[in-house]
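Should a chain be cited, it is by its letter among A, B, C and D, assigned in written order, with residues numbered from 1 in that chain.
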Amino acid sequence: MAKHTLLMEGPDAKGLIFHVTSVLFNNACNIHKQDEYVSPSGLFFMRTEFVSADNLDSEKVLSDLRKQVPNTDIKFTINPDRKKDIVLLCTKEHHCLSEILIRYAFEELNANVLAVVSNYNTLQPFVSKFGIPFHHISTEGKTREEHEAAVIKTLDIYNPELLILAKYMRILSPDFVSKYSNKIINIHHSFLPAFIGANPYKQAFERGVKVIGATAHFVNDELDEGPIIAQDTKEVDHRFSAKDMARDGRDVEKMVLIKALKLVLNDRVFIFGNRTIIL
Amino acid sequence: MAKHTLLMEGPDAKGLIFHVTSVLFNNACNIHKQDEYVSPSGLFFMRTEFVSADNLDSEKVLSDLRKQVPNTDIKFTINPDRKKDIVLLCTKEHHCLSEILIRYAFEELNANVLAVVSNYNTLQPFVSKFGIPFHHISTEGKTREEHEAAVIKTLDIYNPELLILAKYMRILSPDFVSKYSNKIINIHHSFLPAFIGANPYKQAFERGVKVIGATAHFVNDELDEGPIIAQDTKEVDHRFSAKDMARDGRDVEKMVLIKALKLVLNDRVFIFGNRTIIL
Amino acid sequence: MAKHTLLMEGPDAKGLIFHVTSVLFNNACNIHKQDEYVSPSGLFFMRTEFVSADNLDSEKVLSDLRKQVPNTDIKFTINPDRKKDIVLLCTKEHHCLSEILIRYAFEELNANVLAVVSNYNTLQPFVSKFGIPFHHISTEGKTREEHEAAVIKTLDIYNPELLILAKYMRILSPDFVSKYSNKIINIHHSFLPAFIGANPYKQAFERGVKVIGATAHFVNDELDEGPIIAQDTKEVDHRFSAKDMARDGRDVEKMVLIKALKLVLNDRVFIFGNRTIIL
Amino acid sequence: MAKHTLLMEGPDAKGLIFHVTSVLFNNACNIHKQDEYVSPSGLFFMRTEFVSADNLDSEKVLSDLRKQVPNTDIKFTINPDRKKDIVLLCTKEHHCLSEILIRYAFEELNANVLAVVSNYNTLQPFVSKFGIPFHHISTEGKTREEHEAAVIKTLDIYNPELLILAKYMRILSPDFVSKYSNKIINIHHSFLPAFIGANPYKQAFERGVKVIGATAHFVNDELDEGPIIAQDTKEVDHRFSAKDMARDGRDVEKMVLIKALKLVLNDRVFIFGNRTIIL
């Protein structure tokens, strides 16, 4: 038995669920979990987990789906159950990186961590414990463009399906982002859209908030404006300095990033304009 | 356009979603939201919200479903979108009762509150503000059986579809429970199964817990053992006396009861042995 | 025995706790609970709950404190345990108002609700159930200044110690605010500073956030910028329309407002620049 | 400047705060943070963080306190700010162990991790990455007494101030517990007192709960009955198998254990009968 995920999105129409389930039924596929969403604007999103015989011909199923649902604005994808290739980018803070590496080391993530890339070598000794290549690409003596070119050159070795910014404290250029469109996940240390930009905990302290938070999101061209995948918050009080908020906030950051990463690795996230649909 | 909910439960089989969606498609019904669950033991539960023409012949749809899915162990129900008739039972505490009455008064619940029944008259003046009949049925001079008989006699006037025990501090007899099988919702002031029985906050204080909670559940013959619909918890610390816990716990209780009540009123709860499936 | 609260704030200095506790000790006052905070900038805040003989001469204690702590930049206040006079302002939504009125009706708040003032008469029938004066001050045919003048004239009848904006959907002028400086509590329907201004749930929907929230704060001259007293958040997902967020958000709003109100009524909130210290 | 913590517990009496603060004042110690609790039964607990000159004579301060507070039932302790020596016990699961080791490796804990002891060698390769001694003490061919004797012999090498049961899946004998009285912290995978004993997630699944949780507590002679230090919970639903609950529960377990560990390492926990006071 093989497990697959069918992803589908496009304009809503009567009978879509019926058409899809009939194709799967006729191809001897058994649905384990199906979830769908229709946006107020009339877009239909559906994720279907199904099991089939080991030798499922996905192309044949896709072709049957195309015949049954001729509207070519509707996009179908069938993903087998396999690990995605990811590369992690970090700077000096370890908490998000170490959370991912530990889970990777104990095979709890549906991912292969191919490499870690960093603008500092601070975390090299730690990463080396896990036998993962660490690429220190210093910014020293490089323009922003040169640095990004060097990073991209390194990434090209690995051809990752996802880049995880595990507290990578540099802003990516539009060119970089467009090269990895919808494939970069960032963790921002505030509950966006509060405290966009630098030093969110300092901003939070100065505003005197009673909750802090973290946001995992896809990166697009607008700073901290990409589609949000996961968020969480934590109570603080007047006794918290900006540094205390940062310390406790790290626990929220790493758990939110892991949550988002798992959702993406399990093909549960659709990007819809500036929002995500999680099925 | 009319809104309906199709509920379905029974042994899992290949193609069930396909069969149901085909019947709805052929009856010109459009699915708005569908959610299903297959238990590890092989039972299938599905809830489907759909819209149809105003004059939908539900019996015809059910008959088509029966033809398409001949296994009579599979149960189908089609509910139109309408308010359920409920009666509230209370004792002396107001917080759950008032939360329901306020929401009822402002038409936020999918329910008609027909009456309030209480073993004390404490809350009569309050209930009277809302123009709802209040029946004070004192236990004085009555055996437990006599008291329950009097309560049942009063309930029979209203023929409610649901009884809400809004802090009704009496244990119901098996006879009473069986008369309203799967129709009684209770709020228990602990995160069950911790602190079954009387005085859960006193028990919680004595155990020195750091969280308290509340549980809304269907009532069955075992004390505080019925299927759980909703639960929530709240942090406490050593400064909380049992009385403080009770005070803060009331906020959790009323919100958990409202959550459970909304789920049941919107036909989202299946009872499955001693558990609930919420679709 | 009488209960009192001593509030103290000013520049930090060695021995302040010692000096205060010695004065209380020498006046036969027994401390039940004491909490203090020293800001990084060197300001000292302390709240001390103590019990004394019924006939405590507060002026004498204050005079002893002044002698022991001669620095006149340090402010002392002794509050007896009594209910504060409050007036509620609302527009059309009931949930914050009703939450306060129910708790007032059952004597769960350390407050006297003197009146309700509204720019609409929508909630008049509801308020009248509780026997509380309701003043409908329409904005029709009035300039903003005239309307505020009429509201102030009504408030002057009651001379409230606190104004609670229980979903009062009008922005107050600087003159109004300065008349009730540090005495106006507002509930804003977002986790500030996210979504300042109008329609925060619509803003939240459009940004695609995964948490919504509410903020209770003192009102100052900057829109939604006053010192935050309490905040809480709640998870949402892509299925929530702006209207769904508003519906579920109301539960957060009312609980956050009640939390803030209780803190202020119990003399637990110090205002410190744009932040609050809660002891 | 040196940082110290003064801990104090004993029968309540008038003026205790005054007496303590006067001694500290007279010894040129400046209080940074003071928190106290009086139990309903009349016991007084106080924790005072203060700074002094580097060469503080703690014995002199203690002697002054003894003179000022002659009641010998009142216990005083002054702890300097230093790392505590701890040993970790584990079995096969890594998540609590790795969370502690990572934080230790990055110097985020006020502790020296001296060694890891396990009844399995599963985690040896992982622990060795951190350069910490790993003692595999198999139970094979040993009675329970012999195994515990071997563990104790190993612990004696290190003389730890705290033992952390980081998912150590063996029940300790009363002799073992009494040897490390009030020094053993365990993490239990349920919100105690729900689901005492083995397989709490299986119990939780069978009961159909909507929240799961974890409890960090001191170990005493009664199984899962020791004083609770920290608890937290997490929502689940009917889709969670016992295995799913265990997977998600691990995130709660590790964060609750870390929270409790930090509290104990920072001298913030008093044991009071079967409860903890956290100041």
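One rule holds in what follows: a residue touches a chain if its C-beta (ideal position, glycine included) is under 8 Å from a C-beta of that chain, and two chains touch if they have at least 3 such contacts.
Source: prediction; values computed, not measured.
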Proportion of interface numbers common to chain A and chain B (over half same, under half different): same
Result of counting contacting C-beta pairs for A-C and C-D, higher pair: A-C
Whole-Å gap separating chain C and chain D, where each centre is the average of the chain's CA atoms: 38
Between chain A and chain C, centroid-to-centroid distance (C-alpha), Å: 41
Overlap residues in chain D, where contacts from two or more other chains coincide: none
Residue ranges of chain D touching chain C (in the complex, touch as defined): 14-15, 17-18, 21-22, 24-25, 30-36, 38
Chain D-facing residues of chain A, complex: 94, 98, 102, 105-106, 126, 129-130, 251, 255
In the complex, chain D residues that touch chain B: 37, 40, 191-195, 206-211, 213, 227-233, 237-239, 241, 272-278
